[in-house]
Every structure is written in C-alpha cells, then in structure tokens.
Amino acid sequence: MLERVIIAGFGGQGVIFAGKLLAQAMMAEGRNVTYFPAYGPEVRGGRAHCHVVVSSDEIFSPVIARPDTLIVMNQISWDYFAPSLSPEGVAVVNSTMVATGPAGIPGRLIPVPAAEIANELGDVRVTNMIMLGAYNHARSLLPLDRLLEHLRSALADRKAALYELNCQAVRKGVEAAAAALAAPR
Amino acid sequence: MKTLYERPDTLRRCLTHYCAGCGHGIVHRLIAEVVDELGIRGRTVGAAPVGCAVLAHQYLKVDMCEPAHGRTPEVVAAIKRVRPECVVFSYQGDGDLAAIGTAETIHVANRGEPVTVFFVNNAVYGMTGGQMAPTTMLTQRTTTTPTGRDAGYHGHPIRVCELLATLDGPAYIERVTLTNPDRVRQARRAVRKGFLTQIERNGYSLVEFLSPCPTYWRMAPIEAMRFIEDEMTKVYPLGVFRDWEAPGAAKGKTRK
Amino acid sequence: MIVVEVDEELCKGCGLCVAFCSEHALELSPTPNSRGAYTVRVIGGVVCCACRHCTIMCPEAAVRLFRVSGP
Amino acid sequence: MAQKVLMAGNEAAGEGAVQAGCDAYFGYPITPQNELTAHMARRMPELGRVFIQAESELAAINMVYGASAAGKRAMTSSSSPGISLKQEGISYIAASRLPAVVVNVQRGGPGLGNIGPSQGDYWQATRGGGHGDYRSIVLAPASAQEMFDLTARAFELADRYRMCAIVLADAYLGQMMEPVVIPDEPFPAPPPKPWALTGCEGRPPRLVRSLLLGEGELERHTYALFDTYRQVEREETRWEAMAAEDADVVLVAYGMCARICREAVALGRRQGMRLGLIRPITLWPFPNQALTVAAAGARGVLVVEMSMGQMAQDVRLALEGRRPIALLGRPAFLPEAQEVLECAAALLEARKQ
Amino acid sequence: MKTLYERPDTLRRCLTHYCAGCGHGIVHRLIAEVVDELGIRGRTVGAAPVGCAVLAHQYLKVDMCEPAHGRTPEVVAAIKRVRPECVVFSYQGDGDLAAIGTAETIHVANRGEPVTVFFVNNAVYGMTGGQMAPTTMLTQRTTTTPTGRDAGYHGHPIRVCELLATLDGPAYIERVTLTNPDRVRQARRAVRKGFLTQIERNGYSLVEFLSPCPTYWRMAPIEAMRFIEDEMTKVYPLGVFRDWEAPGAAKGKTRK
Amino acid sequence: MAQKVLMAGNEAAGEGAVQAGCDAYFGYPITPQNELTAHMARRMPELGRVFIQAESELAAINMVYGASAAGKRAMTSSSSPGISLKQEGISYIAASRLPAVVVNVQRGGPGLGNIGPSQGDYWQATRGGGHGDYRSIVLAPASAQEMFDLTARAFELADRYRMCAIVLADAYLGQMMEPVVIPDEPFPAPPPKPWALTGCEGRPPRLVRSLLLGEGELERHTYALFDTYRQVEREETRWEAMAAEDADVVLVAYGMCARICREAVALGRRQGMRLGLIRPITLWPFPNQALTVAAAGARGVLVVEMSMGQMAQDVRLALEGRRPIALLGRPAFLPEAQEVLECAAALLEARKQ
Amino acid sequence: MIVVEVDEELCKGCGLCVAFCSEHALELSPTPNSRGAYTVRVIGGVVCCACRHCTIMCPEAAVRLFRVSGP
Amino acid sequence: MLERVIIAGFGGQGVIFAGKLLAQAMMAEGRNVTYFPAYGPEVRGGRAHCHVVVSSDEIFSPVIARPDTLIVMNQISWDYFAPSLSPEGVAVVNSTMVATGPAGIPGRLIPVPAAEIANELGDVRVTNMIMLGAYNHARSLLPLDRLLEHLRSALADRKAALYELNCQAVRKGVEAAAAALAAPR
C-alpha cells in the first residue's frame, strides 16, 4: 500500500491540521508515514500545503512529485497542483471555491462543495474535515469510526463540542464524496 | 477628473507577500511617497533586511541590495562613503537591528554615518515564525517564550532610540507608529525628515516604527493597532530623541 | 463626487480602511476570494468625504481616490 | 514501553538532545531549523535546564563554549548562514578541547540562498570552515529517528573525545515529520570532566584556553589533537551498506539523498540494474575502507549529493583513481530516483565503450 | 613583625608581561585583593579577554578560560547559568567590550545576567599595537588615526556606562579610575561592590576603569595618569550610573 | 623609473592595493597583519579614498559588500580568527557575484593559537569556509614583492570574474621586510560594472541579492557560478616550476614553505639529490595539470606545508594514486631546508624497498 | 619601624610608587637592570609613614610593607 | 656573500632602527636583503630583536636559526641567543650590560662597552649605533662613509644634530671594535 497525498488551500482552511491528523492516524494504524509541510515565507500571504505519504513499506522521499491524491481547497492551489496528479489519481476538490475547468484532469475528480457545507455548519474552519471525510471515503482508507477515533485523540485537549462539530464535518464530507462517486463519470 | 491619491511611482504595483494588516506595507508606502516627493528615486540606494521585508526590493523601485542579516547599516554606510551623491537607507526589523545587528547599529550611529535607518519594530521575529525579538514585550508569548517573556529569564525589551540617544553621532532619531491616520501622517513626516537629515545635514538618522505583526501576535489587524496604542507605546514612548534642528537640542555632529 | 477605487488584486482584506473610514463607506466582502482574502468594497450610496484615511492606512496601497466633476 | 511519536526532524533532534542529558541549549532563530529552537524553548525550562535565545549565532556558540567549559552538556543549532557565523567559535572549541554539539539543518546557499534542502556545507563541516588545523565529528542522519539518535549520540562522542560533534541535516530532514521511537532506557551519564571550570576549591586552578605562545607548544598541541582524530577515525567511522556486495554501480550518498538512492537501488534491482549503496553515517571520519571494499567489485561509483561535488572529493580520495566516479550533484534540489537510475545507466554505458 | 601589605594570595608571584605603568596590573591586583577578602577564590571562574590581558590567567589563581575576542560576557553568562553557585567575571578591554563585543556586552547587560564585568578602558588597542579603540579620545593619535581621531571620520568616543544605563537589566554600573591612591581605593570598592552585586543581589554589574596605556599613549606612566585625570575624565565622567542599593535609584531587575 | 623600497609584506600588500586602485579599505586590527591596516589608515585618506576601521571583522566584510555593490574596488584584511568571522560575508559576496579582495595573513590556529606563521586556513580558503557551493580565487604570495603584485592582481581577477579573490599569506610574509619594486605604469582601470548600485536615474532599478526563492532559480544560479569557476580554472591557474623536469622527487609547496623548498632544491642538487619544485601561485584553481606533468617522471612527491596535510589533499586529488605522496606538515612552524631534504631522502629510500 | 620591600624581580620601574610616596622615601635606580627596568629602591634614612600609596599604586604588586617592632 | 644577523636588546636600545638601517643600507648597496622583526606580545615588557639577512643570492628564509652575527645589547638576549651562534660567527656584545660568562662561545666575541659609551655621549638611545659601528667594522661590511651616508638618509627627516650624534656613536663603535679585535684572542 502506498498513498501520496497533497493537501492545499489558504491559511484558515485547516490544511496543516488535516495533514497531521492523516499522518498521525495512519501511523497509529501501523503504517509508515511521512508528513511534510510547506514552510518559511512561502506561507506568508496565506498559502498553505502539505505532503503526506502513507505506505506499508519504507518511505523514501517525503516530497511528492506525482500525488496519488490531491485535496485542494482553493483555486490557486488547484491551478498549481492539478497538472501533477498521477493518471490513476484522485482529486478531492472544494468545488465551492475551485473551478476545475472543462479540460479535466488525468485522474478521478471528486467535487465537494466544502465551503458551502462549512458555511451551513457555521464554521469555515471545518472545511478541512469535510474534505478529509470525503477523501477517506473516496479512497476507502479507513473505516469511518477509526478515523473519528483518531480525530478524537487529536482533539483530546480541546472542547468536546469542537470534536462534535468536526465529526459532523467528516460525515458531511463522506456523504458528499458518496454523492460525487455516484454521479456519472 | 482629479486624482486625490494614487499609489506612488516608487512603489511597484504587485501583490505583496505580507500578511493582511502587516505594518511593513504601510512603511514601504511611506518611503515610496517620500522618495517621490523629494524626487530622489534616481539616486537612492536601499538595503533590504533579512526579515519579512527581505523582498522589499520587489516593491520599491530603487537600486537595492540584500545583505546579510543585521549588517545593512554598515553596508549602506560603505555605499554612502564611496558614493556620497547617493541617498542611502537601511530598512530593518527588530531582530535584524537590535539582536544580531546590535554592534552595526551602534557603531554606524556612533560614527554619525550619513545614512537613514528605517526600523520596523514589531516586537517579534516575523520571518522565522514568531520568535521573541529583543523588543518583545514582557509577558508576550512567542514561539521561544511559550509562557511569556520574563525579564529575569529572557531579558528586558530594548529601547533602541533611547540607547542610541546616548551617542554623539546621530543627528535625528524619532519613534513613531502607524496606529491611526494621524500617527501615519506623523510617521510620514519622520520618514521625510530622516531623508532630509541625510541630504541637508549629512547626518545619521533613524526612524523607529512601532508596527503590527497581526500574524504572530495572533490578533486581527485592528486589534494589533490597538495593542500598539495601548500597550507598546507605554514601553516605547513615541517622540523625537535627537533633532539637529531643534533649538538648543543636542546635535549630532556630522561627517566632514 | 469622490470616487474610491480598491484594487481587488492587491487588497488583502485587512479591514484597516474599513475601521478608519470617516463615513463608514467601506466594507469587507463576506466571502473570501481565491487567495483567501475578504477584499474591500465601497458601500453603495454612502458619500465619501475624501478624508483619505483609507489611503493613509492601507498597507497595500490598494486604494485610489479621485474626484470626478459633474453630477 | 518505548514511545512512538510523530515528530518533525527538528523536534526529534531537540528531543534527542533532551534525552541525552543536554544541560543547556543556545540558539538563534533561522529557517529551516526553527522547530528545534522552539522545542527547546519549551522543554528545557520545563526540566529546569538552560535555554537562551541568543542575540546572534556568535553569542550562541560562545555560550556553548562557556557552558561546556563549565563541564556541562551544551548544544546549539542553526542553518547554513548561521553556521558560517559560528566558525570562529567552533575553531575555539576545537582548540580548547571542549565537547560541543552543533546541529546544522542545511539550507540552500551560498549567501541567503533559499530555505530548501541542500548539502552545500559538507566541506565546511568536514574540513573545518573555521581557521586552523582541526576536525569535527560529522554525523549525517537520514530520518527523523536518526535526527533523534544521532543528536543524542553526538553528546557522547563530543564528551568522549572532547571535540565538536556536528549533526549535518537538511531542510527536508528538519521539516519532515516521521514516527520516532523514544527509548525508555536512560542514556549513559557523561564521563567525569577533570578539566571543567567549577571553582578551584581544594585543587589547583584550571584553565581552558587556546593561546599557546610557548616555543613549540602550539605544534605539540596540534599533534595531540590529531592523535585524538586518528583514534576517532579508527573507532567511530559509521556507515550503512545496502546491496553493495554484488553491485555494478555503488551509489554513495548521505542524508536525504541516501533515501532517494535506496529507492533507486530497489527500483534498479527490479529493472535488472545491480545497484548498491554506501551511506556514510559519519561524514568525518569518512568510511574510506567500506567504500574501497564495496567499490572493488563494481564497475563504477556514482556519488549523489545536493551540492557541486563536495563529498565526491572524499570518494575520490578514498578510491584514488581505482574506480571511475560519476557525480549527480544538484546544489539545491533533492534528485528523484529516476534521475539516479539514469546517471547510473549512463555510467555503465560509458564503461562499456 | 606585622605585615601591613602583602601581595594577595590570588595573585600569582611572577613577572607580568605588561609594560611599566600599565593599568592592567593595578586592576588585576584589586580583583585579587577582593577575591581574597570575600573568600570566593574557590568558587570564582573568570574569563580573560583577547587583549593585553589575555594572559590574566597566568596571574590570577582562579579557574579561568580564554574565549574568543569580545565574547566573554556571553561565555561567563553561560557558565553562571549552568553553575549558579560560582562567582563569574569577565575581564575586558575597550576593543574587546565596546567594538567587536558590542552586541554581547549589551545583551548580557540587558538580560541582567548575574555576572561581573571588569572593563579596562585604556582608549586604545594595546595588544595589537596601539590602534584606535571605540573609546579613543578625539584628536588622539593612534596607528589607525595617524592624524588624530576625527569625530566625523572615525566616530565619537563611546561612553559604555552611559549606554548601558539606558537598559533595565543592569543592577550596578560604575566608572572609576586609577590615577592616585584615593581613586584606586574607590576602584577597589567598586570591584567589591561588583562582586557583591552578583553574590547578594544576583544582578549584573560592570565596573569601568579608566586605565593608562603608557606605551601607546607614548607617555611616561605618571604623565599617563595625569592625562586620564585631566582629559579622559572630562569625556568619561567618573561615578555610579546604576546602583541597586541607592535609595530611590532605578534598580536593575535580576533573574529569578 | 620604478621605485625599489624596503617594505614589510603587509605594507606591500596594502600598497599593491593602493596602486591597483582600491577605492575603499575596511579592516579590524589583528596580529600579524596590523601593518597592512596601518598602511591603509595613512594612505587612503591621503589619496581621498575611504578607510574605515570597522568595529569587527563582520562589519568590515559587509562594508566590502556595500562598497563593492556600489561598483567600487574594495578590500579587507585580517588573520585567521578574523577570517573565520568573515565567512558568512564571503559566502554572501560569492552568491551576490560581487568582486572583493580579502587578505588573510595566517597565524597559528585553531582558536587563538599563536601569532606565528601557519598555513592552517588552506581548506577554509580553497573549499569555502562559508556555507554553500562557491569558490574564491586564492593567491599565494611568497615574497614581499608578490604581496604587492598578487594583491594588485587580486583586484583585477575579482572584477573580471565578479568573485572574491583571497590573498593567502602568513605571519612571516606579513612581517618580513624585503625590497619591493613599485612599477611606474598605472594598473589597468576597472571594467565597467553594469550591475553596480549607483541610483537608477535613467535606467531600471538594479538589485544585488542572493535570496533566490523561485523554483529552480537557486540551482540555475549555482550552475552559472560554476560556469564562471570552470572558466577561472581554465584561464587563471598559475604556478612556478623549479627544476621539475628531471626531478626524482617533486616538492609541492606554497608561500614561505616554497622558499624553503627552493633552498632544499638548491642544496639537494648540490648533494646529488634531484629535487624539483612545483609552487602553486593559485591555490584555487590548483595547478593539477602542471603537477601531473611534473610528477610523471618522478619517483615521488613531497608536500611541504605548515598544516596537517590540507594541501596534500589537493595533490592527492591531482595525482589520484599515480605517484606516492609524502607529507612534511608542520602546523605552526616553518620547516628548515634540512628537514625537507631528510623527508625527500626518506621518500626515495622507501621507494627503493 | 616600617619596612618597605620592593621585589626586584617584579618591579618594572614605572615610578608610580615614587611619584605618590608621601615621604619621598623611594627612588628609581639610575641604571637599567638586565630587563631594561630602572627598578625602585628605598632611599636610606627617610622614614616611611605607612601611607601605603606605594602598595596601592604598584601595578606589579611588587611592594611589601611591614612593621617591625623594636628600636 | 651571505650574512645572517640577529640584533637583540630591550626596548629603547634601538634594536629595530639598527636592523632596518642595516637592511636598507645593504639593499641600497645592491644586495638582496630581508629584515624580520619580533612582533606581537613578545615585545611587551620591553624585549626586542630582529633578524637581518644580506646576500648576493636569493634569500630563502628570513628567519635565522644559526646566525653568523649576533649583536646583543642585554643579558636576557645573550642567554637566549648565544647558543645559536654559528661556529664561524661573531658576537658583538654590549659588554657593559652583558656578562658573557667564562664558558665562551663557538664564534668570535667582540665586547663593546656600548652602554658606557652611550652614557658618555649623553644618550642611551645611541647604543644601537655604537653596536652597529662596531659590527660594521668587525665584519668589514661597508666602508665607513657609505654606512654614514645610509644613516644620513635614514635620518633625513630628523634634526641634523641627531645625525651628528649618531655619527659619533658609529665612530665610537668602530673604535671599540678595533680595540677589541686588537686585543689578544
């Protein structure tokens, strides 16, 4: 098993947290993982992205040239990363904010109106969990309850309500992905 | 149609890399406005710091260099010595100027080199992710003072203007801030006077700006402005610390 | 009449112009643009007094002010 | 049970130091090693140990000198430009025979360069970027786990040989998070330090110095230093070999590049190309012997580094013309396995002709 | 037979390498006398400067080190942090302390590190052959100011005590001299108080000595003393600049 | 008529700079190079040029950066510990493609060492003691005359290639007085500097920088630097050969050691020992080719240096095992001709067996 | 009686003790010793008042003072 | 022709000036010369010495291990340098201040009561010229008038009286050396 994910968006969308949660969760599941963030002045002006590699074997490079999965939350990131997606890859895209364009991409596109859903849930900051839920479902990574368990331990020292909200977001993401997958390709 | 305000010529039109509400942008604009006003763009040479403003040269349309962290005062002093016809300035953050560059700051001031130093005091290391600066306020939390700056453990906030005002070299030193339109207007006058100290008096000048870093203060831009006004100005009082024009004031001697 | 022009491409949505506008003539857009910025826009119908607070406070020099003669 | 934690390499290095009994940390912020300083800012005061954010890299390395002269385990960390500023201090530490640990999370250079990965400080670390004849032990981790392990080990080596031990990492190693196992067994206690400055109560005063004005004194001192260095060469050379026995092309790489080379070896073997890898874990002392043995049966050696042929010189010195050596040097970019394979193929091709 | 004066125990009996009439010898003796008097020889750790006093460890019978030029304050600050039970001092010349070591001087003082700095201001670089120091007097001729120090060209004499007195960190700062027996007695009291500031108050202290360098002033020893008294004290006024014991005086905060 | 003056090497270097049109000198006192600073303190203001005694070596090298960025010929000088402090600055100068001249009158090291002669900074100078991939041209004078000539030449080279040129001398070369001929013909004027910061009147603004954050930008920049370095290797390698054609033992030595080796060659030949000498005048680029040719017919090569085998590595790299190499390395002492002869004899003896 | 003892081996002949001696009890030797130093000696017959100026001023700590009882 | 001279004494005896004058003079005479001073903290506390090499051929090392001539003005320098004198060498010694001891030296000893003579001339600072005069005579280096000419140009920018005094000193030195040479060996 080898899964290379790039998560990208702007500051405030929770890119970093989603990436770390994914890595942490998969480590707990006994996989090898690496997590690699963008850092330095790149992240001024609100850009953010990170690379997560999950594998049952040794991981060589933590930096992903051809992602298996893209989780993209805004247009700039889409424009930048979309061409690198591997042909068999999956792109989970915040369709509220990203116009993927008519050209299409090599891999499979999973549009998730995450910003809209987040708005409905009353907090933009859960965009990340909606996207993560969708991704998890689309890639059949983990049983949902396991993912939520890892989420709970990641939020262990925060308020319970926060966990609940994030849980809901994950579930909404799952639903959205299911809908997208059900849609004709 | 009459233009009431237009971006200054010296400020290149492009998206900056600064965070929303960052004071660097205001300071850049003021410098650009004054350079335009004084008509010195063609003979100005600046030095960008190592700090969030390291890319200042992307925004200011003058000849610029980008020297090592903290050494810009000596760099522009040297430029001025070999090209006295130029107007030079050093743009620096608090880490750059008051930590690693302490010695350069003091000795350039002490020699009264006819250079203008713009000192952006945002009480934090912005570029490197929000560590303590020499100017960080007591109790302020930063990456390297996770429980707040403690005078005994981490040292006291350094007041640069007061420190330099003990030297004979400087001709003009002022501390300003950017917290409201009046303050910004005063800051603009200080920028102008800083350049004029160099041009007319051949003297050393330093303008300190108390400037917001909303990102690493973890405040909204307007909150950050209020923090400066309410808290920072107590530790860093605004005002003129040296003025060669003030009657009876101690005047920095200038180079022959 | 005074025209206030905010450069969409440069505005970061810091809100400083909004906070200091004498006439409350400016507001932040409720949704972020693709850079994540909640850029500023002029509130229709409010008359600008040309106090210039917006241009003075804007860190991005994103505001232009001009007077157009005529009605 | 030993804990397994997801940690950035920078944090792992810091925690390795903490676990190894580092008494005092002195640093100045610089990307891409800031997480190390931040980690220490939190951990050291928590444990009642010393953390100082210095006003500069010079101050930091000289605080290390002080704390070490007082007999305590001390370290600093920085990245390339900051390490350049420490060169005088490192030379003093070497000359004064003080143990010290320096972590360099290399970034792109020269000058301000960029904050990406690079291995451009190899010569500086292995040849002494400071003045005079001296050496530092140079350890090259290739994972967050090794950031932890080798930083901890650096303290032991520094104390044992009374010299500077440098951990030479890079931006990716510093930033990347990986699982790190933190052992339960405590690390060995530092050796006695009968030269440390503690106040001369009950014994003659001690002196930590490097000025040697007496006739022949400096030369004798230098020879003594080099006796130690020879001992280090004999006893502390470390490397990792992978499929090197039957390799047609032996790759030589350290740090992040070695990970890429492992991938290349695996890929290459799958494609029928017999690649092997020697990964120096100590860059000084360099594993000359291991490399000589591995290269003996090979048709060529390919050095892969994120610099312009710096380690390649050590490879040439080890092999002295006995095997053809090719270089894949990317000064500010981590090459991909594919590029390594292509270079290896080209090397084999060239040998055929 | 009653001994009225005897060389202090802490001062090793040997021929020094100092020139005749050099102030370093007097300062050494005072330090040794006070170390004896306070009974702290067994827990004192000193740092010799790079300067004429680089061999101070040959004369002072305490644990010592010999760090890089200008960095001794940070070295002893670190020693003190890891060995708070020790009494530490940094012995420095003006080049060491106020030129290359400017940043270290200021930041150790600003952090209020409980260390004692003995600062021998002889207005010249002795060790390297008589070049200008930051403290060289205006018009004074040195190897690098062959026509005399000029404020405009070479900068002004730096007043270290005044500079440091703008910081919150220091607990005790005094400038003394060695020009006659009364002055030396006062200097001795300052040395004592410097150590006591560290021991009793856990505070930072600095004692500046205006000290003769007959060799590079090209004066006889007694002339050199007169030069200090008549000229140097005008530029460098003697006195206490910070005193934690003075009632109502600004007190430097100390480390927890 | 050209003047012949008795001058200390330090003064000669200073006067060489003056004659070559040095516009600005920045220095900080340190033995054994103080006479250079003193010379400039007198001469530069006399000629209306710039002299600043900096507050530190860091300040000095960064003033050089400034003056050079402004298009003027600038230099600094120091000795070993002070040169260590300049490493960050030198790396910035290299990265920013600024011409600069740095004179290092080496003293004994590491640490404070002593103020005697040494060649312990060879690696620092030739390998870049600063961070990142870069090179400096390194010139090695062996007389007061060459202190003059090569310092003057350093300005031309620095300007031509827009890089740092280091004059690597030692305490004896700096202190010793010898007759120096000061030529009457003026030195060539500096080339135009269409990158210099002079104010942007009538042209687009210029930028002197080293931060290269764009994708691939730093790598492209590094490759461009190395294109220049290869050109320097091709065009600027200099050496002096003495009786090398028929030598049984080729001595390799620079600076003061080369003078001793000349004596050894003369003495040896008188005693029937066929010695020859290759004296590198540029240490980087190193005269690999000349050495290879000279060594081809020899039975061995003896490297004589005042360090612990630093230049010997360059000799090994040049010869790649083709000839046996022996080392006479005295880290802080100028060997005598007799010792050279003995080592050469031992080398021949060992070859016989 | 006060005895003043100058350590010949340490004295550099700087003359500070001579200059500050309250009783003019000290003088420099007219010829240098082999180190080139014109060392100090006590002038016979002058009575020392134990003011200690010599010990206080001596950069070499070369002066010892003691009181011997008796005639 | 090869002549390696070490001049040594304490500060104020004019060691440096004598050495430079010698080097300068011989350079003007067309010889190769090197002059090498002691420097740095060695010279604190008043010690001084320098090495002068004069040769018709190339000079290799400016540092003299086995001097042909020692010009020694005080005891410490004598004790230090005497053992290094070459067997065929000459030692010109300020006999007023130096006890050469009964052991003797390998080379020829020229005692010159220079301090005494200087005293007579009223200025200790001419010790050096007395010694130089003696040396020049003992070694038959230069015709006296040439030496004095070089002395004049070395003192060109000083007062004439100073030149006269120094001249006298040189002459006294010549006399003293002549006397010493005449004395039975």
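Worth pointing out:
Chains: A, B, C, D, E, F, G and H, in written order; residue numbering restarts at 1 for each.
One rule holds in what follows: contacts are C-beta pairs under 8 Å (C-beta built on N, C-alpha and C of every residue); 3 or more make two chains touch, one makes a residue touch a chain.
Just so it is clear, the model here is predicted, and its values are computed rather than measured.
Think of each touching pair as a link: the shortest run of links from subunit A to subunit F has 2 of them.
Here F-H and B-C are compared, and the pair linked by more C-beta contacts is B-C. The distance from the centre of subunit B to the centre of subunit E, with each centre set as the mean of the Cα atoms, comes to 34 Å. The distance from the centre of subunit D to the centre of subunit F, with each centre set as the mean of the Cα atoms, comes to 29 Å. Taking each chain's centre as the average of its CA atoms, subunit G and subunit H sit 35 Å apart.
In this assembly, the C-alpha centroid of subunit D lies 60 Å from the C-alpha centroid of subunit G. Among the residues of subunit H, those touching two or more other chains are numbered 41, 45-46. Of all residues in subunit C, those that touch two or more other chains are 12, 35, 37.
Under the contact definition stated at the top, the residues of subunit F that touch 2 or more other chains are 31, 55-56, 58, 81, 88, 92, 96, 112, 115, 209-211, 213. Per the touch definition, subunit F reaches subunit B in the complex via residues 23-24, 26, 50, 52, 54-56, 58-59, 62-67, 69-70, 72, 74, 88-89, 92, 96, 197-202, 205-211. Those residues of subunit F lying in contact with subunit D across their complex are 58, 80-81, 83-85, 87-88, 91-92, 94-96, 106, 108-116, 118, 120-121, 123-124, 127-134, 209-213, 216-219, 222-223, 226, 307-308, 310, 313, 316-317, 320-322, 330-333. Residues of subunit F touching subunit H in their complex: 4, 6, 31-32, 115, 172, 175-179, 256, 259-260, 262-263, 334, 336-337. Interface of subunit E with subunit B (complex): residues 99-103, 106-107, 110-112, 134, 150-159, 162-163, 165-169, 253-256. Against subunit D, in their complex, subunit B makes its touches with residues 50, 54, 66, 68-70, 95, 99-100, 102, 125, 127-129, 131-132, 134, 143-147, 153-154.
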